[in-house]
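So, here come the structures, one by one.
Presented sequentially are two complexes of subunit A, the first with subunit B as partner and the second with subunit C.
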Partner chain A sequence: MTRPETRQEVRLMRNAAARRVSRRGLMKGAAAVGLTLPAADVSFLGAGTVGAAQDAPLGSALIGELEGPIVLVDAPRPATLRQAPMLDALVADGALPPVEERVPLEPLVVQPLEGIGAYGGTLRRAFTGPGDDENGNRWVSGDKLVFWDYTGTEFRPALAKSWEFSDEDRVFTIHLREGHKWSDGAPFTADDFVFWYEDIYTNPDLVPTPQSSFAINGKQGRIEKVDETTVRFVFEDPYPLFLTILGGTTFMGSGHMTNRGFHGGAYAPAHYLKQFHPKYTAQADVDTLATEANVEDWIALFRLKNQWSLNPDLPILGPWRSVEPVNTPNWVLERNPFYYEVDPEGNQLPYIDRIQMGLAENLEVLNLRAIAGEYDLQERHTDIAKLPVFLENQEQGDYSVRLDPGAYGSDATLQVNHSYDADPEVAKWLQNADFRRALSMGIDRDQLNETFWLGVGSPGSVAPDPSVPQSPGEEWRTKWSTLDVEQANRLLDEIGLTEKDDEGYRQRGDGGGRLRLEIFAISGAFVPFPRIAQSIAQQWQEIGIQLDVAELERNLGMTRMRNNEHQLFMWANDGSELIYAFPRHALPVDPAEAMMGPLIARWYVTGGEEGAAPKEEAMLEAMDLYTSAGNQNAEESNTTAQEIWKIIVDNVFSIGTVGVSPAVMGIRIVKNTMGNIPARQVNMQHARTPQSSHPATFFFRTGG
Partner chain B sequence: MLSYLIRRILLALFTCWAISVLAFVIIQLPPGDFVDAYISNLSASGSGISLDQAQQLRAEYALDEPIWVQYARWMRLILRGDLGMAMEWQRPVTEVIGDRLWLTMVVSIAAVVLTWLVALPIGIYSAVRPYSPLDYLFTLLGFLGLAVPSFLLGLLVLYFGFVYFNANIGGLFSPQYADAPWTGAKLLDLLRHLPVPAVILGIASMAQAIRIMRANLLDELRKPYVVTARAKGLSEWRAIWKYPVRVALNPFASTIGYTLPYVVSGSIIVSLVLGLPTVGPLLLRSLIAQDMFLAGAIVLLLGIMTVIGTLLSDLLLMWIDPRIRVDD
Partner chain C sequence: MADTVPIYDPTKATVTPSPAALAPEATSGPTAPAVSAPGPLAQFPAPGEPLLTSDAEERVAVATQAQLMWRRFRKHRLAMIGAGAVIAFYLVVALADFLSYADPEASDAQRGLIAPQRVQFFLDGRFSPHVYAMVGERDPATFKRVYTEDPTQIIPLTFFAPGFDYKLFGVIPADMHLIGVEGVNPEETLFLMGTDLEGRDMWSRVMYATRTSLTIGLVAVVVSLVLGVILGGISGFYGGFADTVIQRTIEILRSVPTIPLWMGLAAAMPKTWTVTQVYFAITIIISLIGWTELARVVRGRFLSLREEDFVTAADLVGARQSRIIFVHMVPLFLSHIIAATTLALPAMIISETALSFLGLGLRPPAISWGVLLQQAQNVQTVALSPWLLLPALPVILVILAFNFLGDGLRDAADPYA
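Right, the complex of A and B next:
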């Protein structure tokens, strides 16, 4: 261990201790704080940070180098294939065909991060109940049609070994892998796409409304079979953005296992699901099955049977399948013996036999168990406020802590309701760009970062991290987003808010007394919204703005937000790093969750028939740009996204605080027995983190 | 006597019906419904569903119908002996509760038995030897037990258990047994985990029981019939046990009314803190998720248990204390 590292560690631990641990003086091992660094931890300090400035924030020392497994595109199938020992007996019995027949002729070859792993073991994790199915979905997202590299920025093959656009981007053709099989051994072919399109997607009982992700300019696409392994997505207008849509977590692109009972994913196991579909099975028989399953009708039955997390019998294509469903105290996954990924030496993946997720009754117990080292890998529900305690118990718990910063701009965004109309005076100011700029410059983001993010976040606007292709650039992280009380006061004076009361607060223009803004802050989220909002309220005293914080229970806050009752709403702008796949936190275009203006989103999706048009020219411009991107290919659409971000940031449509941090699903607790685990991985919705690190390549050094 | 019983049972049935209406109305009171709660939950974990999908869900759960239609549907199910599907869990309510019911009963009964085993002898001792040093000690401990909130005690026990004894954090099983089929080893594992929650749950009621037992017995011991018994040369042991203790037990018989619902629900807060897989946390969770069928079923179950418990304790009182008679 070199000296700088040691020094850095000493400082880091001292900082941590000063921030938090001293209050918990009882913590065992507090005496040892700052002495030594376990050898295993050196790796994630990352070479780049060794020479870092002495006063760099805590985060820079803890965030390792981005790394991950490499997808070897077009690599041939290795000459000899091997399988997990747990399958040997099944093959010998004849219950399973030999591995040569289970792996496709053209498998996906993945070069693991460190090297070839060992088979076996059960990975222990925690989940919080059936609503937490994303916990497992993200681990099995190997069943997406197209996917990304480990940086989350470039496309890589997944189920589709290749694809191309033709007919001026009206036709998108994908090529499947020959010999690819479902987890029950049945062939996976173009017929599974045709079945999905003809009998699921276009069946109004199952999918009542056509999905926007499968439409361009409001015109629906369709699916055609060319041959067994070739499928065409056909559109009436050019739709080059479709590739990006497939890459995102969208109805069309999330894969079959992440369909959550809404039947998305563009394909489905026809051979299995036909028994529950009245087109292929007599209605009376389907009804009997529904009654036996204790559900209302065949639609509910079909929804139940087409969810991997609820139905262990459902054939799937991901690396693991459910053996104990998600609605039990233990959600258990077991390897899919037909999985299509292999390592370069021909070992069929995944290495790990089982994943066992235990139901945690509450988050405190979950975090305490993580500290005790009872989980092998846990990045969900781990609390950033406990980071010092996680660090302190690394040795005792035999784990290491790795931080995965997100790519979106702000964990605690002040989303401005641009369609607020209950108080015309407040609405007038909320729709004034200079007013919003002043509010933004009245926030001391460094203080927030130190207090609530322990210094590991990045202060700035709502724009995504500069490493993301859609980022408008570094300078847009800070535009209108640094503390400047003087300029903020000047702006507020200039727009006419000059009158102040004796406490120094600015007065309403209509003579109604003090100008009071209200923000909805929901308690119990990944970061403490109400406390952050309180801090901002204090900081805004400097610019003479009164902010009232309404701390609300989540469901109540969300319901009132959907009813257009909020002025400001604090929420993460997660997912906005790939704006076309998940636009709701960047622009008010999705009525399902439009904190930036529920009425505007209504107006947008109904083509102006309902809701209310945005008041500002710039907002219209940004929304037009967003709409136009559908006709652009991935590269062009990224340039458009940069333009959209520039408009959003320049007009401060919403106010960013601190982001690009590991606060949400980025505090990763990794048992030291595990191998092929990246020091740092991307933390993005569309990269289905940790799928971007190919969990199928994770393994136990000790064999479990 | 018989007419009294019939009257009580009819009244109990009416009370249960009233509970069902109240439960349904109260659960529906917060804004939004299960689908709203589901969407909020998804948003919090960084994903979401479209409005159309929400509408589809709402139709499937019949949440788009007026509240009295929903109540009628629920009642029809219940009268058929079907508690419906738990929306969040996508499983029949009976199964979801059933998973946890017997574990809850094991924990609760352990706590109740422990309470009585410890509290009754101490209470008797304190009454027989009032103002002795041991009585003062028990009084002090008793007030401490009453004053310390049990969830705080739970947190402390978890923390020290982890730091000094490297114990498993919360729950009723070690991780390796949580998913294992039932074996002798798993049963032993459960028995090893049981004392902590049983003691934590038991301590508050233990203190209370000691106080009640001591006060009642003190009252009884001063009564003339005890003096007479002693004067007639009855051994001290018999003079205390034969009647005074029996009479002093009356209040315990009347607590069965609320012990019974407690046995099936367990303590919500302590179970939550200790991460116990019992019915209590399930109720809280279903209320947050606005899972009408599950929350309704649990609240109704608790109500019915209270009604039955009260009936039982009245009957038990009549049996223990022959002086209590029904006025016809």
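Right, the complex of A and C next:
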């Protein structure tokens, strides 16, 4: 029996059939995300979902209508304010001021999804250890300066009640809320911004490299205080994109609680942090504190003290604060009695008193507990492969399953290291567009989708979902990204990889034997990277490419990636649906995580002083376009983003597989006792899902 | 039949200073002379009464040691079963590709997670083994892949059927397989043990896994056996400085923790090696450490035996040292060596399986029992596709078989015990 050809053909036919059945409907469902940055048409969102339901596609029953709480912009403070019963005693004792003094004069009024909730209860969920602080960060992202509505498309006020550009977009002014207080009761004012700018951001010990998100055309911006509640961000050149930057998960815009020890966020609790800063406290005293805290020096001390997840004493502005830190078996959060959000009836949010995250170092254990109904709300680390088991146990576990498809292109992207230099022969091929195109066409994405995404995902390139305003269009999802072994082999032959060994693998051009590529695949991630990579290695046999899969633990893999040791790195390209706010998975411009070329990212942020320039013209072109978008408003910048995506996809800078799926943080297990939970929420990095659903409005129907 | 074997008193048979032992050309091994010697027999409680029928006595008396061992061994029923099972397993090792019917790497998502298929033996009252074609799709409500039999499509099973190409014993190109199906591709129709997530045939994968798992420990065990006997022998026989050096080396080696060593070595191997090569290399390195236990035992036996009179006697009549060791002493603790070997083999197999299960040993694309079990190590397998846990069965069987076999061999190797 001669096998490869016939098997190939059979598979193609089957895949085509499977696509017809399973994918079409879901794509429509995903289209309902409706990411239109300048103006979102909410009615369209509903219509899209209904259309999907009529088709009865795979997963449609579990993908509900996109919905969420509504921020009532400019709503006045309700006449009477109420607080959670757990605070009554504290107020009576005088340990806390009355609620009228704790809530700002102009609070953020949020209309909850279903209605006014009941106070109380402890929400149980799971995290996987200190490295999983993002698990909590996303729930407390209410401390961002500006945020989005529940569709993730329109800006909404958050800490800043309003903002405006002036001086031809060179000055961005934000207005804070009168009477806004930190979680310890100290006032939150413009001085906290000045402190952050003068004593943290511009202190090279704390922030060693100036951040590109706070610069336009390579020129750094600065922060000025106008009055107690007015702050100006001043740039030398027009920077209209800065609003999008603040809305995204960026160094400037992530908020104080998501600074993760890098001190981002544009403000910090000056009154608290000054005691750890040698400018305000004698160096000797700070050193003593550092010794007492068992850390190396004041810099490490400051980093420790400025992380809410590790330091329960740190004043914060989010809805919950740590009472048990993240490095304990139970990460416990408790309400911030000074939180600035209220519902229309004047109830101070959040409704839920406590969030208790139990440590589950093993993902199987975590999922098993979720199946047993031990968590109230878990959307992180839930495994799409277990979806049938989740569904089977819905009644027994008293929960329901909801799917939130993401909007980015690929959950398991083969990120190509464009600055790889350890093996010049391999580097040469990795920097060859035709080579990458051939690799991409050698992947049978329908097979991967059916096996690892249960057919729910969308096979394609790295380009985001066509409904996203920055998407270059449907055809760019499939460009160079459908199985075509014949053309792939032809491309590889044409570029000179014609020599094969007796097992059919192509040989290196320098006579060094078989051409072997290596991919780093992190185990224990949201999707089974090593197993997917193994399948791709199997598929690449047909194009004569040997792929070795190096299965690595996350920290080791990330360290080796930063050291420029990887050839290919498998990772989701999440966040790339809003490319300027989170560009790291689309272009190598962010040294914090530059799988596509650590040296190139270094070169980019240092203006060419360090690192290595990209070798390909097209890469330079894409990066130039990316840079130029800083001077553009949202609409223009979206057009530019489409051009960038076309270059990325046409040159296959990285290889997409299957995406626009709920596999990453989109399998939501919701206890039936919970209220104000949307049937479907956006699943986007910049919307800090679930912050886009305002977890402060979630509550227990039974009172917990 | 030598039903009467237990009449030999072991202590007397071996310890009694037999005059015959002084004769350097005693029949076969140091214990054999005791059999033909009249002395020990005369000491039995009822002298004069023949304890053996002359026929049986004759047979025992003239039997070689190998014959005695075989007779003894045959009486151990579990050991016989164990031996049969081990032989069967190693037949699978030799013929893995012949016994499988599908390419173990051939995957197709459209046939992922099929449960083991029912084989129908009779068609219209005639014996004609066949299976029904399977039709599958994903259930949009439960997200499970659901397969149903299509009784209109009958697929007859055939024997010695052509299938995928392979090389028998690694050299002879062949495409014949024990089982096959008529007219269609077996990879798409026959699922005797079901399929895994990627749609690969479990039956064929288990065959290949058996080959890997059972081969990989063999060399390691042989290496540690040779090293153990030689170094333990030197240490015990010569004593003195050699003994000190070897014993201190053993202590140092035994203090090295194996799992971190394993992990470190796995990372240090050349990148161009395949996973199997890497594992093989590591196993050998581990066996370079694993000889220590056997060496200790051998040394102890040497220490006690070298003081025995028959050793002194052999020495006195001028036998070479190698002769004294291998002809006079080694056969005395042969049973121990055999036991150690047959127990070391399953230990190696178990350690391969355990380490692969933990993700430290073999890794895909290598196929071994541990790898198969590692991939079944999740909630959804237990809940939805329990047949993926079937590779645990051969692990249990082969370990039991080896232990029974070892038990029987140990008894048999010391036929007078």
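Heads up, the rule we're going with is that the second predicted complex is superposed on the first by the 483 of 704 C-alpha atoms of A that agree within 3 Å, B and C clash if a C-alpha of one lies under 4 Å from a C-alpha of the other, contacts with A are read in each partner's own complex, and residues count from 1 in each chain.
In this text, contacts are C-beta pairs under 8 Å (C-beta built on N, C-alpha and C of every residue); 3 or more make two chains touch, one makes a residue touch a chain.
Note that the coordinates shown come from a computational prediction; the quantities given were computed from them, not determined experimentally.
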So, A:225: does it touch subunit B (first), subunit C (second), both, or neither?
-> neither
Of subunit B and subunit C, the chain that contacts the larger number of subunit A residues | B
After superposition on the shared chain, which partner residues are touched by A:368: those of subunit B (first), subunit C (second), both, or neither?
-> both
Have a look at where A:664 lands relative to subunit B and subunit C in the superposition and call it first, second, both or neither.
-> first
Once the structures are superposed on A, label A:387 by its partner contacts, choosing first (subunit B), second (subunit C), both or neither.
-> second
Could you tell me if A:548 is touching subunit B, subunit C, both of them or neither one (first, second, both, neither)?
-> second
Thinking of the overlay built on chain A, is A:271 touched by subunit B (first), by subunit C (second), by both, or by neither?
-> neither
Is A:584 contacted by the first partner subunit B, the second partner subunit C, both or neither?
-> first
Could you look at A:249 and tell me whether it touches subunit B, subunit C, both or neither (first, second, both, neither)?
-> first
Thinking of the overlay built on chain A, is A:61 touched by subunit B (first), by subunit C (second), by both, or by neither?
-> second
Enumerate the residues of subunit A that count as touching subunit B in its complex and touching subunit C in the other.
-> 364, 368, 371
Residue positions on subunit A within touch of subunit C in the complex are 1, 3, 6-7, 10-11, 14, 18, 21-22, 56-61, 364, 367-368, 371, 383, 385-389, 391-392, 446-451, 454-456, 513-514, 516, 518, 523, 530-531, 534-535, 537-538, 548-549, 551
Complex interface listing, subunit A residues touching subunit B = 26-28, 124, 129-132, 134, 208-209, 211, 249, 251, 260, 262, 294-296, 299-300, 303-304, 310, 324, 327-330, 332, 356, 358-362, 364-365, 368-369, 371-372, 374, 525-526, 554-560, 571-572, 574-575, 584, 590-593, 664-665, 685
Enumerate the contact residues on subunit B facing subunit A in the complex.
-> 30-32, 36-56, 60, 85, 88-92, 96, 99, 158-159, 162-164, 166, 168-171, 175, 178-179, 271-277, 281, 285, 288-290
Residues on subunit C engaged by subunit A in the complex (per definition of touch) = 103, 105-110, 112, 137-138, 140-144, 162-165, 175, 185, 188, 197-199, 271-272, 359, 363-365, 375, 377-380, 383-384
